Structure formats: C-alpha cells, structure tokens
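Supplied in structure tokens, the structure appears directly below.
Read from first to last, the chains carry the letters A, B, C and D; within each, the first residue is number 1.
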Amino acid sequence: SGLKRKRKLLRFPTRKKKPTHTKYEDSREKASHIFSWMISNVDVKQFMDEYWEKDFLHVKRNNSQYYKKVLSTVEIDRILRKNYIMFTKNIDITTYINGVRKTHNPEGRAYASTVWDLYSTGASVRFLNPQTYSNPVWKICEGLQDAFGCFVGANVYLTPPGTQGFAPHYDDIEAFVLQLEGKKRWRVYRPRSQAEECALVSSPNLSEEDLEEPDLDVVLEAGDLLYFPRGFIHQANALPDVHSLHITVSSFQNNSWANFLEQAVPAALKIATSENPEFRRGLPLDYLSYMGLVHSDNNDIQKMDLRKLFREKARFLMDFLADMLPLDSAADQMGKKLIHDALPPILSHDERVRTIYNGGEHWEDNDVVNRVEITPDTKIRFLKANIARLIMEEDEIRLYFSTENSREYHELFPEEPPYLVIESHLAPGVEQLILSYPRFMSVSKLALEDLTSKIELTAMLWEKGIVITKKPLISGFDG
Amino acid sequence: SGLKRKRKLLRFPTRKKKPTHTKYEDSREKASHIFSWMISNVDVKQFMDEYWEKDFLHVKRNNSQYYKKVLSTVEIDRILRKNYIMFTKNIDITTYINGVRKTHNPEGRAYASTVWDLYSTGASVRFLNPQTYSNPVWKICEGLQDAFGCFVGANVYLTPPGTQGFAPHYDDIEAFVLQLEGKKRWRVYRPRSQAEECALVSSPNLSEEDLEEPDLDVVLEAGDLLYFPRGFIHQANALPDVHSLHITVSSFQNNSWANFLEQAVPAALKIATSENPEFRRGLPLDYLSYMGLVHSDNNDIQKMDLRKLFREKARFLMDFLADMLPLDSAADQMGKKLIHDALPPILSHDERVRTIYNGGEHWEDNDVVNRVEITPDTKIRFLKANIARLIMEEDEIRLYFSTENSREYHELFPEEPPYLVIESHLAPGVEQLILSYPRFMSVSKLALEDLTSKIELTAMLWEKGIVITKKPLISGFDG
Amino acid sequence: SGLKRKRKLLRFPTRKKKPTHTKYEDSREKASHIFSWMISNVDVKQFMDEYWEKDFLHVKRNNSQYYKKVLSTVEIDRILRKNYIMFTKNIDITTYINGVRKTHNPEGRAYASTVWDLYSTGASVRFLNPQTYSNPVWKICEGLQDAFGCFVGANVYLTPPGTQGFAPHYDDIEAFVLQLEGKKRWRVYRPRSQAEECALVSSPNLSEEDLEEPDLDVVLEAGDLLYFPRGFIHQANALPDVHSLHITVSSFQNNSWANFLEQAVPAALKIATSENPEFRRGLPLDYLSYMGLVHSDNNDIQKMDLRKLFREKARFLMDFLADMLPLDSAADQMGKKLIHDALPPILSHDERVRTIYNGGEHWEDNDVVNRVEITPDTKIRFLKANIARLIMEEDEIRLYFSTENSREYHELFPEEPPYLVIESHLAPGVEQLILSYPRFMSVSKLALEDLTSKIELTAMLWEKGIVITKKPLISGFDG
Amino acid sequence: SGLKRKRKLLRFPTRKKKPTHTKYEDSREKASHIFSWMISNVDVKQFMDEYWEKDFLHVKRNNSQYYKKVLSTVEIDRILRKNYIMFTKNIDITTYINGVRKTHNPEGRAYASTVWDLYSTGASVRFLNPQTYSNPVWKICEGLQDAFGCFVGANVYLTPPGTQGFAPHYDDIEAFVLQLEGKKRWRVYRPRSQAEECALVSSPNLSEEDLEEPDLDVVLEAGDLLYFPRGFIHQANALPDVHSLHITVSSFQNNSWANFLEQAVPAALKIATSENPEFRRGLPLDYLSYMGLVHSDNNDIQKMDLRKLFREKARFLMDFLADMLPLDSAADQMGKKLIHDALPPILSHDERVRTIYNGGEHWEDNDVVNRVEITPDTKIRFLKANIARLIMEEDEIRLYFSTENSREYHELFPEEPPYLVIESHLAPGVEQLILSYPRFMSVSKLALEDLTSKIELTAMLWEKGIVITKKPLISGFDG
C-alpha cells in the first residue's frame, strides 16, 4: 500500500562549523540549530517534507561521542544519589520476557543501590522526565520548544545486555531516539491501517501475532539517531554483549488540528448562536418522531422528506458556523497551553545578569547595593520567542508567561499558568515587543502615551523575568 | 423595523364538539387537542406559522369559566394545607414597588396562614411547579410534552389588587398566560434588537428607562389567553379593584438548534478525527508566530499568506466535519433529555388496569390473586408516544423511559433517567413497537426469533410500565 | 450463667377502661399509654425493671384482632399502588434457604404486581419505614418517641408459608415484634458473651453452627407480642400452612451512655484545656523513649519509674476532666439529635385548627379571611413535650424544632434540623413554656419585659407550629 | 502576681571543649549538645527547671561570631538566586507602622532583586522554613528534634534599620531567638492571665493599649540569645543605625498533654465501651426532661434527685474510662506524628557510605559494581533514635519512618508518613534494634527464628535507610 515507501537519499548540508560560543539572538534560531544537531544535520526542510509524521529515519553516524554530553549512566547514578527520585513517579523498573510485560516498581524513594540491584537481575530502567534533573537534557527540550511550538519531553531507557524491557506498541508522540551508550536492535513497523496514522492515543501492549515483518530492522550504536512518527509500532532489545542507554525526545502530543478544533469549534458555536437568530430558533415540534436511530433507515416517504429538510437546515447552520471559527483566539488558547506545559527558560550567565534572575539589587556588606532604575534609554526585548502570550480572556487582556514554571511538569501551577493583567493602555507596548522580537528597543520607543506608562510596563515585565536588557542594569548607568 | 408587525386576523376553526369521553388512541393527538384548547381554538397551524417564536397573541374570550378547572386560589389554599410546601423551593413572595423588586421569603415550610398573611400585606405569591401538586396542571403539562417534544412546566402567580410583583424582564421560554381569576394589565414589548430574538438566556430585571412604548397594552380577564415568545419583555400589574390569578405554561427552554448542535458538533469532531487522518496531522511548526490576537491585523505579506493557508486548511476540515454530523444520535440524546425532564404519565382508571400501575397480581384474602401471564395473543403498544427512547450508548442498546419519573423535576434521578439494557436480539421488537405506535400488536407478531424472546421483551416492558395491553390481563384469559 | 434467667410472673394491671375519646394533655402521658398498649398492658414499670435491655418477653394474647388496625397486607397492596415505592430504598425481597441468605431486589419502582409476583415464588418482603406511608404506624412511632426520648422506627415483614427470609443475627435496637397476620415460629438466644450484651452494632448473618439451643422457641399468632433486647440473636420462619405478617417497632439505636459520652468527653477536654494550664503544659521531652508499645513490657527500672510518673500525671488530668463533663450541654446535643431524627407530629383535627397547620388565615370568596391576632389573653403551650429543644451553640441561643421534619428520615434536613435564633431577651419566655408544659399559659404571663416581646415570641413559635392555642384563633376573638 | 518573677542567677557549666570532630554515637546525645550550644551553654537541666514553659531568658554573650555559621543575609541572597522561592509560601514582606500591621507580598516567585527592592522601602522580610534551603539550619532543627521529641522549625527575620515588621502578639510555640546580624530591641511581657499561660493558639495582633510595661526590655546584639515560652507577648524593632537579622527556632507546637489526651481519651472510650456493658446500656427513658440547659438551675426536688443520679452514673463511667487510657498506643500515635512532621536525617559523608544513601551498588565503567550482601556478621543499628516508630494499627505491625521525608514540611506525604508492614515473626527483631540503640549488633544476634528472617529484616530496613552499618558494605567483605 501507499504506506510502504522506499528509503530516500538523504541530503546532508555542508556544515559551516559554528564558533563554539555563538549566541543566538533569536531563540527560534537557537531552537532550529538544536533540532538540526539532533537530527544529525540532515537538512531540516528535507526532514520536514519527507519524514515528519510520514516515515521513520535512521541515521548511522559512526561517531559514538556525538550525543555524549547529553546523559550517561554514570550521570544517572549521580542524579539518584543527589536528588530525591521516586519509583513510579520518576523511575519504572520493567521486564518483557516471553511476551509478558511486567512492572517491578518498589514503593518510595529510588536509592541508587536499589536501582542497580534491580538492574542486575535483568530489569530495564526507565527514567521519566530526566529534564527535571539533567541540565543538558533540560537545555535540549527547552530549546526545541521554540522549534516545535509545542511541549518537548524525554524519557531515558537503560537496558541490561540480552534483555528487552517493553512490549511492541505505538505512541502518541513524534519520537527521536538518541543512542547514548552500547547498542540496541530496533524493529519499526509502519501503521497497519489509516486509522493508526498519526495516532492521537497510544496503543496497548501488542504481541508478536499482531505484527507482520518489520519495515525497519536495525542495530543502533552510540551516536546513531532513529526517528519515527506517532502510530508507528516499535520494539527494541539490547544485544547479548552490551547494555543499551538511549534517550527518547518526544513532542507533538495533543498538538493536532483536531486538538485545535476542539478549542475553536465550541467557541464558534457560541459566537454563531449569539450572532445569528437561526441558531436560537426552536427545533421542529415533532422532529423526535422522525430523527433518531430507530428512524434512520425508515422508508416512509413523508419521514424521508422531513429528514431531508432537517439535514439541510443543519448543513446551512454548519456553513455559517464554519465562517465563525475564531482562529486567532483558538491559537492563543493553544499558545496558553504551551505556556502552561513549557519548561522554564535556561539562561547563560550572561543572560542571567541582564534579567531579574541575577540582575538588579544585591545584598553586600550589610546593605542593599546596585539599586537600579529602568530609564528611557534602557534597551529591552522578550527573553525568548514563546516566553509569554497575550490573550483576551474574561474581558481582560492577560499576558501568560512561563518564566516561573518548574522543571517538573505542572508542579507549581497544576491548573493554569500565571499571568499579568495588562491594562488596555499598556497593551500596545506588549504587542510591539512581541512583534519586534528578537530586536532590542529602547523603553522610550514603546508606543505608549507617556513615559510613566513605558517605565511601568517595562518594570512589570522585568519583575517577572519576561524581558532581558541589552546590557546589565547598573546603578546610575544605562541598561 | 421588521420586528414591528401588524395584528393578524385570526382564523377560528369551526369546532366539532367532541364527545366528552373521547379517548385518544395516540398521545400526540391528545397533546394536539390540549394545545388547541389552551390557545383557545385558534387554528394550530396558523398559530405556528404566524405567532410561534415570532409574535405575541392575545385572545379575549369573554368566558370567565374557560380555564376554571385548571386551578383556583381556593385550591391553592387546600394544597398548602395538605402538602409540605416550602418557601423558596415552591413559593416565592415578591414585591415590585417604585421600581424596586424584592423577595420576602421566610425560611422553611409555607403554611397557608403565613402565605395569606404575607399576601394581605400586598406581596405577590409565585407558586412554582404547581404540576407537582395539582392534577389538572399535571395533566396539561404532561399532555403538551407530546405536542412540543420538550419539557413543559408552569408557574402560578397570585397578585393582590393594585400591586405588581415583578420587574419588567424577558424569559428564555415560550410563555402561555392563562388568566384564571380576576384581572391583570399586561404590557408586552417586542425584542429591542436581533440579539434578543428567541433569547436563550433570561434578562435581568429591567427598569422603565430601558423600555419604550409597549407593543401591547391590554387587560386580561378570567378566561383570556396571552402568548408571547422568549425574548419579549413583559410586565403585569393587578388592577386596583380585584386580585389576579394566572398560570404561565412554559416550554422550549434549551430546545433550540444551538442546543442540538452542542450535542452534534463535538460528536462530529470525534468522528471526523477518527475517520480522517488530516484531523490528526500536527499543526504547522510555527503557527503560533502568525496566528493569534497580536498577529490578527498584521500587514506583513508573508504572515498574511501563512494566515490564509491556515484559514483554508481549517475551512477544508470544517467542510468534512459538516458531513460527519451524527444527526440521528444527537436527536436521540435530545430525546433522552426529554425522557429525563419529562413529567410521568397520568393514567385514567381504564389505563391503569391495563398496565402494571394497577393491573396484574393483587393481594386478597391472605393470598396473591390474579396471577396473570402474557400470552402470544396479548395485544400491546407503547403507553405514550414519547414514553421511552431507544439509544445506542457505550456499546449498549438502551431504552430510556420516563414512567418512573417523579412529578417533581429530576427528584428521583438527578443525573440520568433510568434505562433498560436491550440485548441486540430483542432490539428489533422494540423498534417495531415504536414504529407501529399507536397501533396495538399481538405479542406473537413481534419480529423476534422465538416465542420466548417475544414474551421476555413484553414482560420487561410491562414491568416498567412502558406498554399497555389492549384488555386488562386476567388470570387464565387473553390480555 | 447469669445470662440465663427464669421466666417471671407477669403482673397485669387492673385496667381502668379509658373512655375512647380521652385527649391526653401531655404527650408523654399519651406516649406512655401507647407503650402500655403495645406491650399488652404488662405493667410498664415491671417491664422496665425486669425485661428492658435484660431479657425477652413473650405475651400470648389469644386475641387476633388486638393489633389489627396497625397494618395489613391489604393495606400494603394499597400503599404500593398509591405511592412511589422503590426497591432497596423501601422494599427488600429476600430468601434464606439452606443456610444461604440472598437479596433479590429488582431496580426501580416496586409495583404491587411485581412484589406479589416475587412473593409468589417464595421470597420474603421487608417493607422499610412503613411510618412514611401508613398513618397508624406513624402514630405509634411518633407517640413512642416521647416515651423513649429517642427515635422510634419500624419495619414490616411478610413471609410466605413455609419459608424463612433472614439468617439468624442480632440487631443494635430494642425490638418489639407485633404479630399482625398468620403465624411465625421464633427462636431467640440470649447473648453468648458479655461482649454481645446491649450490642451497639448489629451482627453479620450467622449460621446454625454459631448457635446453641434457643432460650425461647415459640409460635407467635396474630395479636401476640415478642420483645427482645439488642444483642439477642433471633430467627423466625413461617409455618407451612399460613403466611406471616409482623411489624417490628424499634428504638434505642445509638442511645447509650457511650453515645452520650462521645458528646460529653471531647467537650470536657476542650473545657479542661481552657480552664487548667496543666493540660496545656508540654509533654516530657523524652517520653517517646519510654512510652509506647515497644516499651510497655520493659523491666528497666528507670523506665518503669518514668512510666509510673507519666501514668500518674495522666490520671491526675483525667480526674480533673471528669469534673468538667458538660452534662447539660451534652444532653442538649442528644436532644438536638432527637429533634433531627424525629417523626413530625401527627395532629388531630381539633389540634390542627388550634395551630398553624390549619388555623389562622384562609382564602375564601376571592379574599383572605380570618385575619387573626395573638392577644395578651391568648393561652398557649408547646405542642408536644419534645417538639423543640433550646440549645446554646456558637454563641447563639437556638430553638431546634421537629415540626417541619418529613415522615421520611432526614429527607428535608439531611445535615441539621432547622432552628429559630432566640434573642437573649426572649429566652426566658421559651424556658418558661418548656418548664410549664403541659399547662397552658396566657401570653401576658410570659416573663418578658414588655407586651411586644411576648407577642413577638408567641408569633414566632406559632408560625413554626411549635405552640398550640387553647382555643382556635378567631378573628376578633380571644384564642 | 505570681507571674512576675525575679531574674535568676544562671549557672554556666564548666565547658569541656569537645574536639571538633566528635562523632556522637547517639543522636540524642548530639541533640542535647546542639540544645546546649543554642542556649549558650546555660546548664540544660537548670534551663528546663527554671525557664522552660515558665519564663524568658536573655543571654548576652558579647561574641558576635557565636551564631555566625547559622545563616547570613548574604547567604539569603544566594538562596534567593539559586532556588525557586515564592512569596507567601516562603517569604513574607511586612510592615508595622503607627500601630498598623500590613503584608505586601507580590504574587509568584521572589527574585532577589525584588526582595531587596521591597526591603529598601523599609519593609521587613520574613523567610519561612529556611531549613528547606539552608544546610546549617536544617542541621540544627533536625538535631533538636531528638532533644524535644517534637518537630522543630524556624523562621528568619530581616528588619531594615529603624523599623518594626510585626505587631505585638504571642505565639503557640517555644521560641529561641538567635541574633545573627545587627541589633534589635525586644520587649517581652509575661502572660496577662492564667488563660494565656502555655497558650495552644497564637494571639491576634495586639495594640499598645492591650499592653502594660514590658517585663523585659533589652537590645539583642549578634551572638545573643533570647528565649520565651508560648503565651508570652513580644515585639521587636530594629535600631535606627543598623539592620537586624535573627532566626527564631521554634518547637512544642501542639505537643501538650491536651494534645496527648485528644489521642488517648476517644480511644479509651472505645475500649471502655467494648469492655464494659454499662457503657452500652441505654440512657434513662426521660433524661431529656431533666438534663439540659433549661433544667440546669431548676430547684424542683425530684428533678434535682434525678440529676444527681445521672451525674453519679456519668462519674462512675469516667472512673472506669480513666483506667482504660491506652497510654502506650497514644504515645505511639504522637510518635507517628513526629515521624510525619520530622525533617529527614542529615548525614555526614562517613554515614552516607554506611547506609543506602551512598553505600551499596554503584555504576562504573558500563556496569554495576560493589554488589554487596548483608551477612550474619554485619553490624547494624538504627540510624537515629527517632528515625522510625513501631506501631500496632489496623491489625498490622507497622514501622513508620522519616528517612524519605522532604525538607519541605509534609511535601511528599501530605496525609500520612510511609511505613513498612512488619510481619509478626520479624517484629521482635525491630523491638530489639529499637531498645538496643545506640549500640551496634550483629545481624546474627537478632532474636529471630532463622538466618533468612534476620537477613530479610536487615535488608528491608537497609533499603529504606533506617539502619546504618558499622563499616561500609563492601562486596566480598564483612559490613
């Protein structure tokens, strides 16, 4: 079928070696660079056109050090000793033996020696959300958010030699498998039917009988990449001679057009009902006697006519409804969701001193020093492209921001992300900052009525870590 | 504007005097008769075409006895003494003096003498849901359900001479005002804007400044009718010389096309997402940077192009969505809502002995007598047109029924109406009974595989009061 | 053992035939009469001394008509047809066959013919809380409340010939079995251990192996009485030739000294903590190292000394605590519980016209008539002894009352009974009325500061049905 | 009054300089040392006899470096930058100006520069629960737990020169004020009445009018200590020339005899009810007519007699109740509360390698190394005196432990601390370990039936960090 494709010829771009210390002005540019690095410098456009949501991609790099800095088992040992890691919440211990998948999680804290003891018995270790504990993983996931416009997460899998930890299954996320240590054999199967393409819900555990021949059967070695879309069944096992450690970077969970329309369509119905009296008219007095399951294959002529009229009226209303789709406010709601889900920004030392994270007042020698002021000449911009989102909601203008999010998903704000209420006379300034990103602009250039408003808005954004100044704010000097 | 209309010439049908004891075979026929009686024998078709949801109708009948049997203040006194009537839940005591609307409800039980004491001070008495306590009101509301395909309720208003109990306002229901005793001056105002036509939400209390001249200003006398649609502002006051008692019969609350689409559209989105992979595809990587409030009036050419593409894709999906509307199952969900809201059936003595309400086994002389059996020759039909609804839900076929509802709204089943699970081999029999209504059919004629199934289905429906037999079941005889 | 007793010689009082129409001034006197009638005119004092909570009592009366007016199966048939009776909530269908106890309740409404159908297959019918539907049962239970100072309930049991509906068990209530129709063999067993005496929790279903020989084995015939205390195991079966109908009147559930102390002791601890700083002193720094399970059988001398000191301190505090028991306010809380649980008062026609239930204003001929006034000469008293209870709570004086309770347990006030807030200047009047019960007193005699207060208090109590006037209130006349 | 006392002559012990690296075998010994250090080497026994819960104590030490290592404002600056500190949850910003106490908390994260900005305007900074972020504070609080047998917490107060942050008030905790930087004037007032002594609830903010002359008026300088009991009103203000930083170490919240009896008395009532049928007997039939508020000052002789009998019966039951107090299980419940509230243990490097925190298996060079075994010769003991508590609960033997607690109060276990279920054959081993603390014992010496049980119990305790081995467990060697 159309689902079976030939392997394509990959175009690798001529890499311009970037100087190590390149600072990206635009977080989307940085995101794009991380993306490119992750997919092994396959051309991003080609990747999006040919593989993204369409087919798997295996890149053999023959460079075991390529992903070396991301994470190692030694680092995991260190994380387990330094942090309070819990079984089930952070760590799963699993086996898949003779077609049977089992979980072996003890209760409570996952001490390193307990984890290694279980590993030594042949169990796989799945480390959930390593971005909470590992800075390099945080950096990758946080960076990619700006490439995908969507939350990016990760899991790490450590598998003892000669074992398999999970049953064949498919997931509801786009998966990038980065082999970190050792080797692993992967078998990947294209969707078995159209219904599995771009699946929005993960499959249960499958068994061998559910599967035909794999479309890909390959051994990943350290430094190799494997990408496959959601809906692609996969299974993987460590080879007898060596353990395997890989990280799966994931994205695009609940980020489909269907998810978008779940926001937009009910809102459209509210708008249409308010705008068009036809939506508010009563239903036909007797429609319950010709509409409904029991009446659906009725061949009573009179009923068929009535059913046709009913259908046409519904269709007419749907046409109007389609014109009412509030695409922008639905996009803003999706953007608010990203703000809610997002990892907080990771800042360089240089960035920290130009933001509230490490800038401004300090305590020294029994008193507060560096009592800074924002001046008309202070140059500011948003910290990152998607660091905040301006939304009309409940008759307010709100600026939702992700700077105070925890590295643990929804830990601090389980229900809603925090927001600033932007008074309407300040809103044009926020719009200006969003649209001018990544360029810096002087506070005096904000299109607001008076200087007080300009300073007020800037101070408000600065205090929530949303803006960065071009230079560190120093007492008595320009920022 | 188009909202202002001329009074129409009413066509009164030549009334064929029905014999008093007419029994309606079809509950819809009975409903139609009650409807016709209530609107004073104005031709129902003309009423629906010219007034329903469009304009008010005042019928002066010059027959103070016309609605006499519905309810009287003397009967209310009796109800207060015989039943446990509560302030706030069943009775409101209100005044509207100098533009100020107040509620004066004591706490607890509404004893007759307390109510009359308050009335004597000039307060109006609103008796909520009289159908729970008055048989004639129950009979009217229960009957009309089959005419409207929708819950029918009522409130009663008793106003002392020379007073007004309520501020001007509009409601979210179609209102039929039946003047029972005394007189009342009514002022009715057509919707002030398109947004108020067929309002789905009641207005707050309005003040005189909100109003222009009334479109109708008339004194209702006992026996008169006043109809006005939802969204029509109205106010009424008793004349100085006499009290006023009227009942407002109401219907079509939340029974609009918008309410229907609230059922159908989310269901359509689920179906479309499952059927069409385009709905499951990911959103464009960067749409958050060109969709959204901030970007909506952007005149950046590149963004405008991207916005156009986005809009077209959404429109394309909406067209597919419109084709997926599950009209029949949405109608069934609305039908289930009617089953949930409905008043229970009111039965004549003759009907009671042909149903489980008073048929079947009795206790006499220390033992059970009349141990009856359903036989192949027993003739049955559904008790009423909308007494039960067959629905596919959660992989089951369910027959929801209203026979066990309380006369108090949702009292016994606050969440969901009760239902029978119909095994799939019995479902054709239920369909047959629904479609053949109001004709009786022999149990043996049910299109089921064997006699056991036919008897089993009939017994199941009989035991829930859903079917009525042509003749009383008598031990040893045919039903 | 001490639990086995001889049958005592019953003293029957010489009955002074009361004239049929005796009206009891004091509801406690009426209660005492009903109690006496129920226990077959056994002398009440003797009953309380020799049987109550101590031993069973069987009275054979040889008068099958004695309890005739209480309830009959024919009346149950009528109740099932007239009311909305539900399986499980109101009716249980049970069997006990070969040592196995089963419940066979259908869902939903219990139509008479369905109940008789199940009965005809040999199942027992338990009708719960018949007082809600039967006036004579209501009258008995409501009357006895004043004899027991505690809620009185009932269940009715109908058993087909030759069957048994329940397994042997004991209950947590004092049980009075009144045989209404047919016959039933009862086997009763005294408590098997001290732990079962006056059990506060019912037993599970027991089996024959748990039992020795019964202490009573007797056949009850219509008109007979059987009393047994809580904690007494019992079982009963209908004889082969005739069905059995009996009612069990029950009381004293959770009405023990332990229940009283559950109110009083935590309150005493609060008082003692507030009054005595010793309760607020800190615990010894190191008590956790010598108190506790692990240290309880330690024979380290030093620890034993410390444990002794700790124990003595606790004992010293308990002595103080015992002096702080707020017996009166605990009794008031128990009284409030009775108000909450109580059946509403049942009134004669004569009483109804002298209370708000049927006295005061009426509606007649298009207007309110009999607009009555309370005057200084109006003579009033509380309607019944336990109709209301005066309680200090949350810095208010509250008069809780049971007049608005439903006949269905806790139906209208699931959490708390309703109450009037009595301003402190009116409280002496309420006290006076409580203490002077059952004597009538003139409103003018109320020990309040001025006439306005006297009228205000009387009106407040009248409007809640708490007081009754000596004569009906008539407009322009004395009450 | 008796509340006013003379200052006592303090006995300072001759201090034996402890070698810096002393390791305390017994955590209670270490706790006692920390306590002694904190109260400035006042003799602990003298302190407990003369001051604890009785009177304030001010120690002027003339050594500004004494508490230097506990915390400094510079360290707070560092904590604010490194951690996610929240206003309201972790930081309060307060002022007390002209008798008005205000809170000025922004929402969200407390960035250092925002805090210093607010401080610069004259507001006080209260840093709640610094033990979560500062290791020295954690060490003090965690250590003192074993001295007090009760949770120990802390707050830090930073006050700008010339200001006061809080109104006069008293607290519900024993307070040790350690002046860290600058100076502060303290005014302390002994309880104004017996009702305030050892208050179990904090006072609201008081005003000057509520106060008389202070009983202590003193300026604290860095290195000084001030202790005062709960119920002692206090207020403090920074002097004009210098800021003030102090930490208040607090304990004995809800750790009084009243709190103990709240556990013990209801349990005693349950036991008494089960043991003694007198508790289960019914209340007198008519007690509601002579007990209660209304009857309390009745001088009806008959009622007075009945009230006396009722009182005597209650008193008799209370005497029995007092004998039933389950002192040991109530102590265990208090001990469980300590386990729940407790800070987790802080371990030295040497201790970490002898426990699961850093002992046992490690990951090195692609594999697990140091796969250790517990042997009969391994020597173990509990990690700390109060690290776990053995409790009978719901028919299980449970060992509650605090090793997995978070440094943030109740963060991980909001409802209940975690526990191990100890099978009854292993319980004697746990008892032995508790009673033999702080001595090490060989696994083989555990009084259990067989070696398997001994190893099983030791492994279970080791895996939860409850026991420490005498020597690090090394693969192939004795522990």
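The rule we apply is simple: a residue touches a chain if its C-beta (ideal position, glycine included) is under 8 Å from a C-beta of that chain, and two chains touch if they have at least 3 such contacts.
What you see is a predicted model; the values in this text were computed from it and never measured.
Colleague: What is the distance, in whole Å, between the centres of chain B and chain D, each centre taken as the mean of its C-alpha atoms?
Modeller: Here the centre of chain D sits 63 Å away from the centre of chain B.
Colleague: How many angstrom lie between the centres of chain A and chain D, each centre taken as the mean Cα position?
Modeller: 43
Colleague: Can you give the whole-Å distance between the Cα centres of chain C and chain D?
Modeller: Those two chain centres are 48 Å apart.
Colleague: Find every residue in chain B that makes contact with two or more other chains and list them.
Modeller: Residues: none.
Colleague: Should the pattern of chain-chain touching be classed as line, ring, star, complete or other?
Modeller: ring
Colleague: Strictly by the criterion at the top, what is the full list of touching chain pairs?
Modeller: A-B, A-D, B-C, C-D
Colleague: Which positions of chain A touch chain D when the two form their complex?
Modeller: 73-74, 76-77, 81, 84, 86, 106-109, 111-114, 116-117, 119-120, 181-182, 242-243, 356-364, 366-368, 371-372, 403-404, 406, 412, 418, 463-465
Colleague: Using the touch rule from the top, collect the residues of chain A that touch chain B in their complex.
Modeller: Checking each residue of chain A against chain B gives 28, 48, 52-53, 147-150, 174, 194-195, 197-200, 252, 255-262, 264-266, 269, 272-274, 277-289, 291-296, 298, 310-311, 313-315, 317-319, 321-322, 325, 327-329, 331-332, 334-335, 338, 385-386, 389-392, 431, 434-435.
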